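One chain, subunit A, links the two complexes that follow: it is found with subunit B in the first and with subunit C in the second.
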Partner chain A sequence: MPEEDSEVLSVAPDGRPSQDQPAWRRDFPLDWPEDQYRSRREFVSFLMLTSAAFVTGQFWIVLIQSWRKAAGKPQVKEIASANELAVGQAKLFEYPRPGNQCILVRLSDTDFVAYGQKCTHLSCPVLPRPDLGGMHCPCHEGWFDIRNGEPVAGPPRRPLPRVGLELRDGKVFANGYVEGVI
Partner chain B sequence: MGGDRMPVTQNLYFYIDPSRCIGCNACVQACTECDTHKGYSMIQLDYIDRANSTQTIPVVCMHCDSPTCAEVCPAHAIKRTSDGVVQSARKPRCIACNNCVLACPFGIPKMNTRMELMMKCDQCYDRTSVGKLPMCASVCPSQALFFGTEDEITRLRPNSTPINAFQFGAQKITTRTRMLVPKNNVPEQLDVLSAMYQPTIGNVIEEDLLLDTAMSEDSYA
Partner chain C sequence: MRITQFAQKQRTTIISGIAAFQMIIVLLQLWLFTTTMETFLAGYQETALPAAFASVVCFALNGGLFLYLRSL
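On to the complex of A and B.
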């Protein structure tokens, strides 16, 4: 690290001394020692800004949660008729808003499950594999239990968001996300 | 020559004496052996007028006081260490944009596209920083490449004077590496581009594109 009175080694193209140079030259010096040097002031401002960013992030999380609560439960939406799907078949639908891709899978005559299709690891779309009893994320070989969406293998650590379902008059309705998993 | 030296690199300078170069390519081979060059040769042996002359010049980095390669680097990858040596681009920063390759007045930086990294003559930094000779200077049989103190060069080359000022168009360059010129005719600076205006042996410059462009630029001003 250079001393306070160290000379700047490289000369700017106009040949003037370093104190006459524009500020960006001092910020981006050509000399290795000056480039490596971090002043105490720089270090302290880095600490301040980083911790301020963390604090803002915490408030942001609280704000998002309160927005979610204020939005209330998503409305009930018809997504398929029961006869439409054979056992082991799946259907894509968007719930609660357009763009939120979800997938409905028929496990047996009476059992339906639906999950948000985003893998909880890095948001790849998961694919249903009812023959293997799981939801498969091909990106990093993540597996979720098809009955409850719990992660069973691979990198995901959180369960898939599960859509609550209701079977009425031979039709399948989505009625919000199952509490505690989103 | 060679052997044990004190690890004081501040007083050691690179001297190029083109008149001594015999074009043996030993420096080119030795350069690949340097640990900081990753197996690539960073020195270049220039033929002055290949059809008519055997004269060659070894070209190593001049280590400018105001390194143009570092000035033009948009990623601030090229840095000069405190002993005045301009280093190869730092791998985490280099974006392989070729700016330095195009900008250097002496044509020193070399782009390795496979590694996406600019590497250049760093005066064999692993060796010279501990007081050893650079690879090229250690093998040069005619001492066209010499690495040593000013005292040594004045004692060994009584008829030559080292010069480290260069002219490149409008740009004035002072360097750490010195070029040896005859003592009886020492120019104020060496013009890097002057060879472009001198016809090679048996040739005449019929059309001077560079001069034409320079003239038309003047008329715009």
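On to the complex of A and C.
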């Protein structure tokens, strides 16, 4: 039987000397009373930090919102000419800033829709399937109604951000968002 | 009785209770945060500020409990 190390300061939960403890406890000795007492306080300190992080996150959202509000409504931008797309065809464009991919789909002679291309589930690019009446996200088989962007199947729960459109002089203009953010 | 005169066993019980209560508050904050994020991404702007203030109230409550704990 190994001799007890006089420098070991740990106290087992049952208070018996270390040579009477199982091997695993001798390998990983802990001062049980102190550990119990101190770790709870440390845990509470950690909870305080987590709580502060949530407050920071909440105000970060508020800050982003106010930045967007201050930036104002996105500018009106010409994105296509009306006869550029046949019925059922789609065109990619960037709106309102470069890098924000959106997709314009012609549903009929006079009917156009445009959405942000990021799926609202995990941001995969969605693909138009006007023949099936939907926008399809191939990553997780998400489907959105092509007429209004509402999720109809798969994991997405939020509608696609819809770009407002206007037809003028045979041209299609984007004029802000109807719903959602990109 | 002054709070510093609690026996260690009593203090341990109090600390456990405070930790459990704080955990519930932090879970509430987590729920607030995810809900706010969901509504923000869906394009609604009305909920962010009230939710942020609610989170501050939770944090203040947590802080109060934390200070009480330090005085034990």
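By our rule, the second predicted complex is superposed on the first by the 140 of 182 C-alpha atoms of A that agree within 3 Å, B and C clash if a C-alpha of one lies under 4 Å from a C-alpha of the other, contacts with A are read in each partner's own complex, and residues count from 1 in each chain.
Here, contacts are C-beta pairs under 8 Å (C-beta built on N, C-alpha and C of every residue); 3 or more make two chains touch, one makes a residue touch a chain.
Keep in mind that this is a model prediction, so the values were computed, not measured.
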First (subunit B), second (subunit C), both or neither touched by A:I61: second
Subunit B versus subunit C as contact partner of A:W32, first or second or both or neither: first
Touching partner for A:A12 - first (subunit B), second (subunit C), both, neither: first
Per-residue contact with subunit A, leading partner among subunit C and subunit B: C
Partner chain(s) touched by A:F43 [first = subunit B, second = subunit C, both, neither]: second
Which of subunit B and subunit C A:G133 touches, first, second, both or neither: neither
Subunit B versus subunit C as contact partner of A:Y177, first or second or both or neither: second
Partner chain(s) touched by A:T120 [first = subunit B, second = subunit C, both, neither]: second
Interfacial residue positions of subunit A with respect to subunit C in the complex: 36-37, 40-41, 43-45, 47-48, 50-52, 54-55, 57-59, 61-62, 64-65, 69, 120, 157-159, 161, 177, 179-181
Subunit A to subunit B touching residues, read off their complex: 9-13, 15, 28, 30-33, 35
Residues of subunit C that touch subunit A when the two form their complex: 8, 11-12, 15-16, 18-19, 22-23, 25-26, 29-30, 32-33, 36-38, 40-43, 45, 48-49, 51-52, 55-56, 58-59, 62-63, 65-66, 69
In the complex, subunit B residues that touch subunit A: 65-68, 70-71, 76, 78-82, 84, 87, 171, 174
